[in-house]
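Dropping the structure in here first, questions after.
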Amino acid sequence: MVKIGLLGCGRIGRMHADILARHPQVTLTSVYDVNAEAAREVAQACDTQVAANAEDIFADGSVDGVLVATATPTHVGFIEQAVAAGKPVLCEKPIDLDLDRVQACAQIIRGSTVPIMLGFNRRFDPGHRAVHKAAHGGDIGEIHQVIITSRDPEMPSHAYMRESGGLFRDMTIHDFDLARYMLGEEPVSVFAVGTALIDPGFGAETGEIDTAMILMQTASSRQCCINNSRRAVYGYDQRVEIHGSKGMLLSDNRRNHEARHHTATATGISEPYEFFFIERYAQAYRAEIDAFIQIIKDKTPSPVGFEDGHRALVLAEAAYKSMKDRSLVMVSEIEK
Amino acid sequence: MVKIGLLGCGRIGRMHADILARHPQVTLTSVYDVNAEAAREVAQACDTQVAANAEDIFADGSVDGVLVATATPTHVGFIEQAVAAGKPVLCEKPIDLDLDRVQACAQIIRGSTVPIMLGFNRRFDPGHRAVHKAAHGGDIGEIHQVIITSRDPEMPSHAYMRESGGLFRDMTIHDFDLARYMLGEEPVSVFAVGTALIDPGFGAETGEIDTAMILMQTASSRQCCINNSRRAVYGYDQRVEIHGSKGMLLSDNRRNHEARHHTATATGISEPYEFFFIERYAQAYRAEIDAFIQIIKDKTPSPVGFEDGHRALVLAEAAYKSMKDRSLVMVSEIEK
Amino acid sequence: MVKIGLLGCGRIGRMHADILARHPQVTLTSVYDVNAEAAREVAQACDTQVAANAEDIFADGSVDGVLVATATPTHVGFIEQAVAAGKPVLCEKPIDLDLDRVQACAQIIRGSTVPIMLGFNRRFDPGHRAVHKAAHGGDIGEIHQVIITSRDPEMPSHAYMRESGGLFRDMTIHDFDLARYMLGEEPVSVFAVGTALIDPGFGAETGEIDTAMILMQTASSRQCCINNSRRAVYGYDQRVEIHGSKGMLLSDNRRNHEARHHTATATGISEPYEFFFIERYAQAYRAEIDAFIQIIKDKTPSPVGFEDGHRALVLAEAAYKSMKDRSLVMVSEIEK
Amino acid sequence: MVKIGLLGCGRIGRMHADILARHPQVTLTSVYDVNAEAAREVAQACDTQVAANAEDIFADGSVDGVLVATATPTHVGFIEQAVAAGKPVLCEKPIDLDLDRVQACAQIIRGSTVPIMLGFNRRFDPGHRAVHKAAHGGDIGEIHQVIITSRDPEMPSHAYMRESGGLFRDMTIHDFDLARYMLGEEPVSVFAVGTALIDPGFGAETGEIDTAMILMQTASSRQCCINNSRRAVYGYDQRVEIHGSKGMLLSDNRRNHEARHHTATATGISEPYEFFFIERYAQAYRAEIDAFIQIIKDKTPSPVGFEDGHRALVLAEAAYKSMKDRSLVMVSEIEK
């Protein structure tokens, strides 16, 4: 059994706790949250113990790896503690909202061989994964275009959005990572537009956007478009399309079941798409944990590491700069 | 140009006249109908002349072939006239509602080499044809099961139904032919159930059924099920499925376009299926005429001939006997 | 926590053990199997104990309910023990292969209020359930036709088939139950054909069939067709269609993901359907356990009880009689 | 009968001739082409006469309208002649490859009430039309995003491409028009990237691109992305998606039939999409003619006029400028 400690017992932490507690190869050794009550609830539901503080988990010699699902500003510190303690870590995205902090952390952990895995769950979705495997296995020849559609089913609260770092750092960050994964090359230029079309009042007050399109190119001129919206009333819309010289691949949306209704006025009527990320990416979250276990057990390299989190944030910064300046931004401008 | 004369200017006759008039390889020489006004209208719309009677068309030396789309009771006589005149004929289904008349006609035309083609249009539908070609080209190995779903979009008038010969002879006749075509073997046994579920009042008065299922087997035990309804409110439902030892083929329904609507309560909302046979089988009717032209020009054998019409009627008779006797009927009982 | 004991640690038993062990509301108290090694393995994987014999589980006052997943011939005895012990029982299908034994058991447990639930898992599939709910909620008006397609992905071993009771009692039993569930009325007549098309050698030796069609009618003339095959090379094919006076409902197949490939020769290429029942009906098996828990906790009536198992077996017997006699069989002939 | 003369008997001219000749409400009075042989062939096939020159058609008092399908550089002159002759004209796209010529023509015809219709056939496609009608009928609330995927099935010849005016003026011109039609507002800014990924050799020689993405915004910040490729090996890929505040609409691709094949390794295998524009947009081309007839007969305003052709070309120019300058281009910069 692989022994894993969990930091963070909020919404996503509880989901991870549930997966870890039910996993046949895992023992969830202990859980921690700044909110002691939240930690207690999770510990009780998952039949494990509450750690008094995060340090105890890193100091526990029996712990094989740590899953970090705490608030974003704490990620960098916990990653550094994990590296210092020599414990493999699976950290939720984003690494941090501040690129300087991320780059400072990169300096600190430089040279370490402790595996760091970033929680870009979509890479582990069976549909997206099949499309990636086919595209990079040569099934569609040279890759020419990647189109990512990513729309949330409903707006988060104003409170959440104020803390989120904004659409590009909070939501599109997944799509930036997915774009890099699917393109197989680094984007070198970014052009972005974004507006508050859903909640213009909040946009006017805060500058926050809710609807965006981003166009990127790689060094070899592969093209990528990301379509984002904070609210698709028909459900969580998650699609990836890759067009190549010898074919096209599509990872389409998924419903909870395949029942369809035909009436006097319409055919093919189906349910809305699965509501949100925990449901839509349930398989992906489990496969992500499997990958983390493999890293711990087999010392395999992390399939999605610190540098991936860094690159995704660089693209988010480039998108903000492009939107602000109303101009094409070279990624190299952002990097240093 | 192939010169074709048309008998019958009702609904289906007008449709054929329209196809013939627009066909780049056809001259529609003349049209006839017992209703002179109907003939005049078609002649005017299609820029052709009205024949004084059917005999004139058969006697016209310039006519290469005759299309018969008159009332069912006249089919047998016109087929016999066509054979006597040595003119290839494309006759609408069914040959006749009375098996004795069909068999008598078979005797009369026995030995003739004049091509006779029956209007089983569905054999010419691109989807059904693709499925047939794949199945009989070996793409799914040995054929085990054929499932035909055939539901009309709405009930015909009571007047029509009183003259129609009943569901099995009027509507299922197409499915009996399609079953033989897809099975690639003759059914040897038939079991049928049928009830008036849509219009029980009319059923009680006339014995007419509107909802039926028929189960058939061939000598080598291939199985076939036909599902019929006189009214599918969601549109004309026309599907063929073939299951074999190495795969499965499906010819699915077709819509007028592929627009889909996603809302807060449903996804994938599409239009009803194309309304009825003239629209749904528009491509098939054109391909049927192409096949008739090829018979005339190239002296190729008829792809669907008199005996096909005869066999379909035998199966209809077997279905009626099975329904009445509530028992399995061997096709050999009906044949002689 | 609801305390459940498990009898049977074979393939399906292990699956249930896994669901029970991970269920947040369940404690798996102990497991038993005639094969002690199998029981030990399951107990270890699920962190529970091995019971020395089945009687210990029924006698254990702390046990709230028993799940029976043992070999079919033991079902009747365990159901009787459960009733005697006053313990709710969830028993795998079929109750027994012998209708006399089932009817004898029915006599013994008559009058008992101990809840008995039969493992007809398909009733709990989200797609099938949605279709049932819509049909019986009036969304398609009066029900006219039900079509059930049920094809296994591959033939079981000869050894399994020799013990299975035959296609109708082993495999179609699920479809007979689903037919009753979807029709909302009892079938009163059955006509069945069946042949060994996939493995004619085994069929010739044993009389066993592998390909079948069954046609049933209810008292109010609702029609139902079941299409069965022991081997669909393209995957486990599980569909339900209900046609009614105001619309049509379809519960279609489900794939593991929605990736599609488009090439120079084909579009829409998808994976085979999910391989087999444990994968395809994973959600259904979990929902079935949820229903069993609800019975235990809330004393709700069993959603699918002993009589449902009995009726499904009666239909299987009627199908065998129909196939053997080559005639329509009234269900009332079988019942008494 | 509406009397229509045709200028141009090349590929698209022949297609129009065929539609006009078969149209029940149209008489094709005469045809003209600089290539007299081409004109003769069309005249013979369509049973009409050859005009000695274009002027004769404009001068013919019996002609109700003229369809212009000649080479692009002649369009402006023929539009001016049509206006001078007071004859409604349906002119193929683009008006011209040179914006100055288009604007000069606009000056010349200013104030005329002669109806001018541009051949943007996609507006008449049943699927695209249904999506437009729903979006602008309020079925999805406020329009937020439009995504147009437009990929040709194969590269045109080098000779064609050298004369074509380039991807944006030749191919994307349709998508620019469709974007305006679907957005319901004028784009005010354009950002475009384009590269020769399919035929880099030709691109290096000529500067011509074959793969492009264009991102546009309207004054009210509606967003639009166009994805173009000169070669989709899986067929002509033509999709429109509109995302709004209350739903999403998709006009998806269409196949020639709905046959699907399921094998041991894949399910859902379908034919490639319909090969090219004449087949894919067959219904649209017929509906376009219907609209032109309505303009002539009922004096209804042109549903897609000269200014639409002008605006599409302005967007093409903006796209070229954006690609060349690697910057966002305001449409107002181009309009001058």
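Which chain is which? They are A, B, C and D, in the order written, and residues in each are numbered from 1.
Keep in mind that, in the parts below, a contact is a pair of C-beta atoms (placed from the backbone, for glycine too) under 8 Å apart; a residue touches a chain by one contact, two chains touch by 3 or more.
The structure displayed is predicted, hence computed values, not measured ones.
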Worksheet entry | Higher-contact pair (C-beta pairs counted), A-B versus B-D | B-D
Worksheet item: In terms of CA centroid distance, which chain is the most far removed from subunit B?
Response: A
Worksheet item: Per the centroid of Cα atoms for each chain, what is the distance between subunit B and subunit D, given in Å?
Response: 40
Discussion item. Rounded to a whole Å, what is the gap between the Cα centroids of subunit A and subunit B?
Written reply: 57
Response to the item:
Contacts with two or more other chains occur in subunit D at residues 233-234, 246-248, 253, 260, 262-264, 271
Worksheet item: Which residues of subunit A touch subunit B in their complex?
Response: 233-235, 253, 255, 260, 262-273
Response to the item:
The answer for subunit C against subunit A in the complex is residues 22, 24, 45, 125-128, 130-131, 134, 139-140, 246-254, 256-264, 271
Fill in: Sites on subunit C touched by subunit B in the complex
142, 144-145, 147, 149, 151, 189, 191, 193, 195, 197-198, 211-213, 215, 217, 221-223, 225, 227, 229, 231-234, 237, 243, 245-248, 326-328
